[in-house]
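You will see chain A twice below: alongside chain B first, and alongside chain C after that.
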Partner chain A sequence: MSVAGSSRRFALAGAATLAVLWLVPFYYAVSTICKSTAQYLSGTPLSLPPSLSSLPGNIEAAWAQTQMGQGMLNSLGYGVLGAGGAVLAAASAAYALARIVFPARTTWFMVIFAGTVFPFQIYLIPLFQGYARFGLLNTRLGLLMAYMAICVPFPTLVLRNHMGQIPRDLDEAARMDGCSHFRIFRSIILPNSTGPLIALFLLQFTWIWNDLIFSMVLTTETAQRSVMNALMVFQGNYAGTTPNLVITASVLASLPTVAVFLLLRRYFMQGLSLSVHA
Partner chain B sequence: MSGIPALPALPHRGAAARRPVRLTAEERAVRRRDYFSAILFMAPALLLVSIFLLAPVVYNILISFTGWSHFKGFNRFVGLANYRHAINNPDFSAAASNTVVWVIASLVLPVLIGLGLAVLLRGLKGEEFLKTIFFLPRLVAPTAIGAIWYYVYADNGVVNTILKQVGAGRFAESWLYQASTATPAMIIAYVWQTTGLVMVLLLLGLAALPHDPIEAATVEGASRWQIFRHIVLPMLMPTVLVVTTISIIAGFTTFDLVWVMGRDYPNPSSLTLAIHQYWESFRSGHWAYGAAIAVLLGGIALIVTLLQVILQQRVESRIR
Partner chain C sequence: MPGVTIEGLQKWYGGSQVIRDLHLTIPDGAFVALVGPSGCGKSTTLRMIAGLEMPSGGRIYIGSEDVTARPPAKRGVAMVFQSYALYPHMTVRDNLEFGLRVAGAKLADRVRRVTAAAEMLHLSDLMERRPSQLSGGQRQRVAIGRALVREPSVFLFDEPLSNLDAQLRAAMRIEIKRLHQTLRTTVIFVTHDQTEAMTMADTIVVMRDGNLEQIGSPLEVFERPANRFVAGFIGAPSMRMFDGRVEQDRMVLADGTALQLPGHVAHLAEGTEVTMGLRPEDLVVEGHGTLPVRPCFFEAPVLLTEPLGNETLIVMPFAESEAVARMYRPRPVAPGEVLRFAVDLDRIHVFDQKSGESLRRASAPGQT
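This part shows the complex of A and B:
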């Protein structure tokens, strides 16, 4: 497919224009976080900021008013423990589904995988009411368990496929020598799955970090709410009065996942390719 | 094991173990132990999924047949009353019609633009750079995207300012508060957010395609369009279907973006079923009615998924 022509050049120009348009919201956000509230409200939204001097003050104010520190700490906990626990549970289930022969394997798999079929809305009321009854509402444990459960089914699918492709000679030999399933899992299968494990952890971590609705439903207090919940509350209260601070808070809340992506790009891409070919 | 419609087992060392021979006591013991180990290995995942996902689904369906609300108790079955209420509720109709727009737009736009970009950017000099630009929005949290795009459409926001500067000020609009523009405006933000992901997924699919048929067709003198239409697209179809399903379900259940951009609720111009469900349940305490909307959303998702599975099988059988 290397035919060049005017139609191709035309299409390329279209793509380049689209790319420029794609960057406008980023330009808007970056220029806005450098303006004071007065500068923002008196100028036009796309004007260049006169200097960078407002940026530190904006960061400080947005951070304090959003109570971002608490939210980030909570989200870090939800993300690391939730995604970590889910990927481990999924790996363990995937080991059984891919490496042990037992009756009705497909049915067992479908039970776990069924968790991906439903939109989140169907979980909200039962979780809220159940949590209210068992005292899990507004607790970090409650929100963490919900996140962990939601992050189990998809990695189970991916890891089952991956573990099914690891050569069997290794664990056959180990079994002959009397190794337990647990030893095979820990010393042969897990070390051979580190790539997918990291990729899946990153995907699920990002999802948990970015989630809004579960945090909105299951936590209403500052102490337990996630960073996106904190951002949403701040935006709801101050979108009209201090746009520059709302944008600053939005950028701050997004920076950690952007940084993780840029640092671990290779694993992210692997995770994405796993999700198409699963 | 021929002739018996067994469960589709994975190709496995089990081939030998499945031969109908009499097992020794020792072999039976190994099998029992294997079954037991398998259950233990699956236990954490099974417990998490059944307690926090599957049981809630059942509970939600049950709730949808009761009259449960903040004001009335749970123990009153009302049959389909909540579903009838949905049909007669103007808010529901507004939300449903906006949701239909979301379904269609999130089916067509990201996949079409993503496919176009994937085909166009592939093998280009600046491919990596352009890919990164289109993928960047995916990294920003939807809540933050909603907060930023709110000002894109605000009265003295980005769009209106540009319109005024190019002398088209009379087209300036309260984009998020007009029934005719609110949903399309939000969909544009959604497209901005997701198209990059769709593009990357399709590029991964394209990279995995075999080269021979394309080269053969090029040698035979087929045009670019012919090659795309008759060779690349059919082979890419399974990936397109997966991507389409993901983006439809993500599209019509989008919550964060719509919630944040449609701040002054209730704002029927941008109402979707996901927002309606949240509002009715957690702001108005109409648990049973909210549960019924969730069931309807689940039904749509199920239909979409089934359609995808059926189409997938048809596409795959055509390729073989």
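This part shows the complex of A and C:
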């Protein structure tokens, strides 16, 4: 009893420490966005703000200086189309790899999966040079294509495993019902994969939304840059911005992904279990 | 309603042949059971008839049409799977209707067929449920309904009762049989359970290692098994086998027990090495059941009993092995108790010891 009790107390203490460690930056962000520049500079970084009155001004200034509206719109487009397209392409590939017997099936899978083996940064220089040659630099299509290509391999791996677990009898029953491969994919396999599809969409959307490096390398103009790239106006020798505005802009830029997660978390949790209930 | 004809069907998986030159004619409206142990090729044969597997050789005809290369949906067959294979994301109604939608059937036609199938299978109250909200028996009925709405020429059942408990299985056996009697559609039913085959089918096809071992009515394969394999496979408890040799008009077993040869093998030559088959039904306990016309009595101690209520199975030593007898209207029996048994000499089976083939004279009458 005492051993069990002390180990439980130890676990609780550990959990509480981790929770505090996690909450400190969170508290720092929330308190900082409520301070004016003067308030921030006059107190310690973790001091409580005197009131919430500085918050609207911070939001207004951060939004205007970063031209966040344009950045968010761009990122929304990249995120929805890039993650959606990638997950759909990955689902098609996964269906073929999991359910259709064709020559060199494993080799094809390895070719696709190889995309996750190397760090993405190694693609930057060849991608930049190739884009420059084909006129894709500073285009939304160019950045979208890069995001979509990067986001295909991981969902392919996950969906191939998931689709491999869906009973094969379902395909055969559908074939008896007169379905083509495309119809089986559309009417049987996809509806039974909604959990993983949404979970993967969320993961890839978040990755695209949070990406900075590809947006920085492949776009230089406000019209095409992503929201994270928009935050870069606060960086540099002459930016002259205080942390309250930087943090406000960062929090604003993070809110859409939090909102998407909250809206779709049920599917996200379902998707993580990656199971099919017949 | 067309029957099914199979000519020289073969199936190879890599270097291994699982179906060897199968010839089979299934008449219109027949209820045929393909039975055999696991791996005998019965499911593969069914899947080739369904179009889910491509034969490596041979032809399949449904009616007079060669359907060997046709896709499954264009063969006029419908299949009920062992796992039911209901679409988990669809309601019962959608499951029933899906095939008709894919085929492009008009709404009125779809409604008519789905309603008729639902009424026939007592599914009307379950139409908006998902498969996960149904019991095993209900799922089974939906699976049958899904096949039914397609109004096929041939129904294919792939061990559809194996996932049900014993009580439900017995109930579904009757339902499927009743359905066949109503529709008179050709049914091909795969099972490894010989009781299922015996009780439901009007023709039984016994398979082993991709070969057809015997085809006949349930009574025929039970009473006149073509070989030792069929004899052992059909009947529960299974037929017990005892090696022996023919001496004059008798069969002498390993321990010297001599039994008069039954009439249907009276032609066997002196010295023929044989295997005698004895079913529990043909070995009765004196005083418990009707004695045979030509009995051969012997006494033996009881080794083991299996009380089944209406009868008790009794295991006793016989010819250096063990035999099983049925004790009708049973009384309590203790192991070690000596009982008097009677073998029905007219009903013993005799097989060639080497080939395993039945040695019954072709013209010999049935054992009924």
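By definition in this document, the second predicted complex is superposed on the first by the 243 of 278 C-alpha atoms of A that agree within 3 Å, B and C clash if a C-alpha of one lies under 4 Å from a C-alpha of the other, contacts with A are read in each partner's own complex, and residues count from 1 in each chain.
Basically, a residue touches a chain if its C-beta (ideal position, glycine included) is under 8 Å from a C-beta of that chain, and two chains touch if they have at least 3 such contacts.
Owing to the predicted nature of the structure, the values given are computational and were not obtained by experimental measurement.
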{"item": "Which superposed partner A:Arg183 touches (first chain B, second chain C, both, neither)", "value": "second"}
{"item": "First (chain B), second (chain C), both or neither touched by A:Ala29", "value": "first"}
{"item": "Touching partner for A:Ala223 - first (chain B), second (chain C), both, neither", "value": "neither"}
{"item": "Residue contacts with chain A in the superposition, chain B compared against chain C", "value": "B"}
{"item": "Which superposed partner A:Glu172 touches (first chain B, second chain C, both, neither)", "value": "both"}
{"item": "Touched partner set for A:Ala132, first chain B, second chain C, both or neither", "value": "neither"}
{"item": "Touching both chain C and chain B, counted on chain A across the two superposed complexes", "value": "172, 276-277"}
{"item": "Contact set on chain A toward chain C in their complex", "value": "167, 169-170, 172-179, 183, 187-188, 191-192, 276-278"}
{"item": "Residues of chain B touching chain A in the complex", "value": "7-10, 12-14, 17, 31, 34-35, 37-39, 41-42, 44-46, 48-57, 59-60, 63, 113, 116-117, 120-124, 130, 133-134, 136-137, 139-152, 154, 156-158, 161-162, 165, 192, 197, 200-201, 204-205, 208, 214, 218, 223-224, 227-228, 232, 239, 242-243, 249, 253, 255-256, 259-260, 263, 273-274, 277-278, 281-282, 287, 290-291, 293-295, 297-298, 301-302, 305"}
{"item": "Partner chain A, residues of chain C touching it in the complex", "value": "50-52, 71-74, 77-79, 81-89, 98-99, 102-103, 131-132, 146, 150"}
{"item": "Residue numbers on chain A that touch chain B, as the complex places them", "value": "1-3, 11-12, 15-16, 18-19, 22-26, 28-29, 32, 44-46, 86, 88-90, 92-93, 95-98, 100-108, 111-112, 114-115, 117-130, 145-146, 148-150, 152-153, 156, 164, 168, 172, 181, 185, 209-210, 212-213, 216-217, 228, 231-232, 235-236, 239, 243, 246-247, 249-251, 253-254, 257-258, 261, 269, 272-273, 275-277"}
